[in-house]
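All chains are identified by letter, namely A, B, C and D, in their written order; residue positions are counted from 1 within each chain.
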Amino acid sequence: MKRIAACLLLTAAASAAHAASVTLPVLVPLTGFLAVEGASQRNGAILALSTPPAGVTAKYDVSDTGVSPEVAVNALERAAGDKPIAVVAPMLGTQMLAMLPVAMEQKIPLLTISGTAAITRQGNPYIFRFFPDDATTKIAQVRFALENKGVKKPAVIYQTTAYGQSGHAEIVNALKKAGIVPVYEEALDVAVKDMAPVLAKARAAGADSLIVHLHGGPSALLLKAAAASGLGLPIIAGSGLSQPSTINLLEPAELAGVCAETSSSPVSAESPAMQGFLDAYRRKFNADPDGFALAQYDGTMMALEAVAKGATTPAALTQALSSGSYAGLAMTYKSNGRGDMAHSAVIICYDGKSRIPKVVAHYTNAAAD
Amino acid sequence: MRRADAMLLLCVAAYGAYAFAAGSSYTLRVFSVAGIYALAAIGYQFIFGQAGALSLSQGVFMGVGAYASGILALRFGLGFDAALPFSVGVPVLLALAVAVPVLHLRTHYFALATLIISQMVLLVAVEWQGLTGGANGIGGIGGITILGMPIRAGWPLAATVWVCVALGAALSAWLMRGRAGHAYAVLREHPAVAGAIGLDGGRMRLAAFVLSAAFAGFAGSLYVHVIRVISPDVLGFPVMVTLLTIVMIGGRLGVAGAVAGAVLVIELPEWFRPLREYTLLVYGAILLLVVVAAPGGLVGALRLLLPDRAPPAPPALAASPALAELSGLAALSGASGLLLEIDGLARHFGGVRALGGVSLGLRAGEVLGLIGPNGSGKTTLVNCVTGLVAPDAGRVRFAGADITGLRADRVAHAGIARTFQTVALVDDMTVLDSVAIARPRTDFATARAQAMTLLDRLGVADIAQRRCGGLAYGLRRRVEIARALALQPRLLLLDEPAAGLNETEQADLSRRLRGLAADGAALLVIEHNMAFLAPLADRMACLDAGVLIAQGTPAEVQGDARVIEAYLGRPAAVSRPA
Amino acid sequence: MLALQLLFNALALGAAYALVALGFVLILNATGAVNFAQGDLVMAGGYGGLVLARMLPVPGVVLLPLLMAGMAALGLMVALVAYFPLRRRPPEAVFISTIAIGIILQNGTNILFGPELARTPALLGDGEFRWLDGVGGGLVVSAQSVAIIVVAALLIAGLHLLFSRTQFGRRLRATAQDREVASAIGIPVDAMVAATFAVGVALAGAAGLLLARGFFVTPNDGGNYMLKAYIAVTIGGWGSIPGAVAGAALIALFEVVFPALPALVPALGGPAFSQNGATIVLDALILVILVARPQGLFGEASKARA
Amino acid sequence: MEIVLDGLPLARRLTRASALLDITGLEVRYGGIAALRGVAISILPGQGVALLGANGAGKSTLMKAIIGLVRAAAGEIRFDAVPIGSLRPDRRARRGIGYCPEGRRVFPGLTVAENLAVACWGDVARKTDEMFALFPALAARRASPAWQLSGGQQQMLAVGRSLMNAPRLLLLDEPSLGLSPLLTDEVIGRVPEIVAGGTSVLLAEQNAAKALSVCDVAYVLKTGVVTAHGPAAALAASDDVRAAFLGG
């Protein structure tokens, strides 16, 4: 499978059938609390748009959507004026919910990596999500916790944001299916600084592990506090911890034994094609890519490949994306009929010596396929 | 409407026409969003502009309205119009609940209290996932429907929103026309005067707060059907900051300011969108520039550039209905025959004794002169009688009824009027309106006509249409006295009415005051100017260090050894160095 | 042992918050206006520390005076741009102008440094001391936390000395208490107000450097710190310096100790002791204080706010 | 001995050159209202000058105009023959004008010693000791915050504060306000001592007898205009003073 992806990338020029010029604006949060993730999205998309398949030229403009639904919708309406073939849409669930009706009116496919479950459940044909949804990633997280770490009495710690609440529901669901009720649950505001009370309560509740679903910064604070207090419990974190910019703030020792779910781990460079992506990303942005960047890259590339194969109108592209399959760098993407394109997640673990994680498990959500 | 305001509205209308003509769905959508913010900002002007209280909960009222409408649409399929009673009613109820503990707080304390309440509402919305969908919010809310008719995005939606804005603006202008607008101006600029002319400041602030919430709730319900998702973002502080910015940039008063401010503040970042990450930086810089350069907002700046034409002619004097005569008041006096009875009134400030048990009586038709050195407690006495300051001990009876500790506006309604030591008129208000505002229970047109009669009585009818700000001191004094008379008081308390008047003006004022007494009113006049006071007063009383030291005819009091000592002092018992 | 650990953590956090609140209250006293950019200035202090650390590879303690000097200069600029042109206007004008400063700082740092989390160098080092490892999790005291407490205590003590022992400090206080009379007895009040901005913003900068080690910094952190300062100052009594310190300590207790109470006292539980519950309880407490004791816990009754 | 009403006597013209403070044609307006009109006053070095008049006559306004807290619409203020009308208040204070405002206005949160210290640009310790010698009642309360002092003590503190920078001219605005007669004596009684120390004093007072008893010269203000001036002893016997207060 990965070899095919690599081949596709290398032989993209040969497979070009039509020459086309398309507009594909990038609308992502560049300010506000999701700016880090938004920057990953932007970089992944730009990398794809600046190296399109042969015969395709892509025009793109980058626009900040902030964090409010209203600004995101304005940005989409504005982009719609340029007759785009599709847009790269923000990963913030509330913004996506607001953009969906507009996409429907304007008939523009949205390429996003938002994990919020609800966005593909609105019956909207123009949504394409290239990141495994929360159900997929959280099932992977919970299965890994139960199967590999032997977790029986987990504490669940999550964020009060959309990302956190959405993931929390799926975690609790997955645990329930295995007959497990968390011994302790706590929702944290992103501004919480000191994690000692949470850890103390988890310990007092008799937790044997922490299942964490926090954004990058709070995840890092939690790991630091856990290491400092000698917590000694297994920690299985969410995709927030897979971002290199977050990991760089932690000492390798603080990461020892910590695992996290994500869609892919480009810095782990599991394949030559992934290594190629990693090198290209580092050259262009002088930073390390995360799973969000790769997913947005894959998603954008899938759209550009479809254009190269003749889907040069939004309608044709929508059709191509909803029916086709694409072997990307992280996984093979194919719609489940609702616009969910990604159906597998990975678990990465840190060995305590390096900041580069190892991919220790792949999970595919069979039910969704 | 003032020319500057009309000009601003014209600019907005021109931009709107452009947006409709261009017809791009982007331009129309941004214009629609601007309209929604304009509505919320018009509401915000009630509490922040009219009542002058820095509320930081307007954003949350808008958000609560949005949630109410959104949740009703999702759970019960209620359309925008059917849900309106709730999307307006819920924020109003919230405002009422909040008002009880915090509305009496001033300036930053009120601001912080409303900010904290906003934070609590936001936390509840995030935590109560079953109802609100939590931080994820809920999507799939339908567009605006009116009587079952869906309103399409694009120009129909923009038109609907802006019709609502026009209705809201008209309602706001109608509510604040005439008496109400002037009443709020007095409350904002001189709260003590508001009470003294019978305005219930607490109720007015509450009304402004509730109106703010109602407008915000309405704007919120539009918002949720335009954005078509409910999410906690609408409850967040950025929305509040946007509304505050709109009103500061547009203008705190006048719907034109709110509307123009909203269009500018909402459109500006969109115009700068090509600057990408620099957009908000430039926005911040422009905001700073405007606040520094145009303190009164766009409206204020334009009003300087476009002064109003000559005001319309005042109501004709001849047509003025006469005020009810002031005579026949003696019958209302208490059993003792006294209209006002002050018994043992005492008041301390910190450790300082301002009044130490003063007893005084005043008959109808009598002029009592109250003298005493600076700091002897004269003004405190008047403040205690009129309800501005609560006495520590003692009673005040007026026309037989105990009015001790009664709120200032109730005292005013009971028939006691006063003037202030420093003339307290609203600079931006006309002389006529300044007086008419104090006419109780009268429609404003009649009140204005009656005010003309009073102005004429004090010899200032010719300046009725001038704004108080530019008037000479003597004229301001007379306007203030006319305003006090507009209450048709049975007792008039004048605090240094002659200060700053020249001798001709003093003589004139004295004559007019005697005329009032002859009509049956009782007058208590605080004055230092003996040349003015002695001929005017029937009796005089002298306070020193909070105690009554003399009472009697003017001649008796002026000749009293203790009075002379209080004023002129004894020579200091110190020897000069050789 | 856990109780001790939590109290220590609260002390370290409260010490840093106290610097934020002090900077805020100084400017408030001198101008009567709320500096709404105070939180963003704390954030800017974090990034300032970052810039200095890139230029000079020395411990944070050495950078601190440099940073404070730079932040003092920034404070003068803020005064010049956002306060002096508006000083004869109602206080709301400064409210808005400082919000604008905050927007500029927030987006400026976003452009210059990107949205990623950043971290300043440690004041002294990253060592930690452990005691009684066996007993209930032991007590862990990091060098950074100790340094924060010591530095904050020194700065607060220094501030106290400045205000009580130096002519400059006494004149700052005099200016804050009665600007007109201060000028009439020879104090150049505009220079004093500008100096207050310099001192207040330097304190914000110090807090930024202290906080951005253990808790990182991003361009969006300002609003949160602003709210903390506002609340601390109100709890303590509007304008009271000891009150601001006590208010900051109370906020830290509510963030660190209150939500951990169920771990200390198993009988306690329920949503009130969740992290968000603690925030709501604190909010409710502040409302009660505002309504019942408007002068704050430390304010004098004579400076009533109604 | 002469009393001149609304005019400028020849003697005064001769003293102008040597005057410490010389004011001519001073006009101050609040909004559109003239609070002072055509005021002319001259103070010689080492002179105690009383400024008399009823409330609202403009005494405080004149004091504020001299120190610079209100701007003059017209006229000239010369201190040491130098025009100071365009200087900021703090500049005027530093040139040697001490100001003791109406209503005391001590810095409430500063201690007694601090209230004195902030106004001194010389040897703080020595000047503070001087003030404690002048007002022994203050010495005992040197470490108390000013808001805890009684009214009389606050007034002494305010006077002391205005003397800390060794002014050559002291403006004392209504020091007897709100004080008992005994305390008034104690505060106003210090004026001769201050004058003897070489500081000229302009004393605005409504307690005319007391003011006249400690001053050499007096001016009477009525509704913003100087209506009389002359030697204190002459004015004490004059009906003008009585008229200014009690009418007649």
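Please note the rule applied: a residue touches a chain if its C-beta (ideal position, glycine included) is under 8 Å from a C-beta of that chain, and two chains touch if they have at least 3 such contacts.
Please read these numbers as outputs of a predicted model, since none were measured by experiment.
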Selected pair, greater C-beta contact count between A-C and C-D:
A-C
Dist(centroid_CA(subunit A), centroid_CA(subunit D)) in Å evaluates to 77
Approximate Å spacing (C-alpha centroids) for the pair subunit C, subunit D
44
In angstrom, rounded to a whole number, how far apart do the mean CA points of subunit B and subunit C lie?
36
Please set out, as single numbers or ranges, the residues of subunit C touching at least two other chains.
106-107, 110, 276, 279, 302
Where in subunit A do residues touch two or more other chains at once?
30-31, 160, 187
If a residue has to touch 2 or more other chains to count, which residues of subunit D qualify?
none
Every chain pair in contact, whichever chains are involved:
A-B, A-C, B-C, B-D, C-D
Complex contacts: residues of subunit C adjacent to subunit A
2, 5-6, 9-10, 13, 106-107, 110, 114-117, 119, 128, 133, 137-138, 140, 142, 211, 214-216, 218-220, 224, 255-257, 259-260, 262-264, 266, 274-276, 279
As the complex stands, subunit D meets subunit B at residues 31-33, 54-56, 150-151, 174, 176-178, 180-181, 184-185, 188-189, 192-193, 196, 206-210, 212-214, 223, 241-243, 245-248
Where on subunit C is subunit D touching in the complex?
164, 167, 170-171, 173-174, 177-178, 180-189, 300, 302
Per the touch rule, the subunit C residues reaching subunit B in their complex are 34, 81-82, 85-86, 89, 91-93, 95-97, 99-104, 106-108, 110-111, 223, 227, 230-231, 234, 238, 276, 279-280, 283-284, 286-287, 290-291, 294, 302, 305-306
In the complex with subunit C, residue positions of subunit B that touch it
54, 101-102, 104-109, 111-113, 115-117, 119-120, 123, 126-127, 237, 241, 244-245, 248, 277-278, 280-281, 283-285, 287-288, 291-292, 295, 350
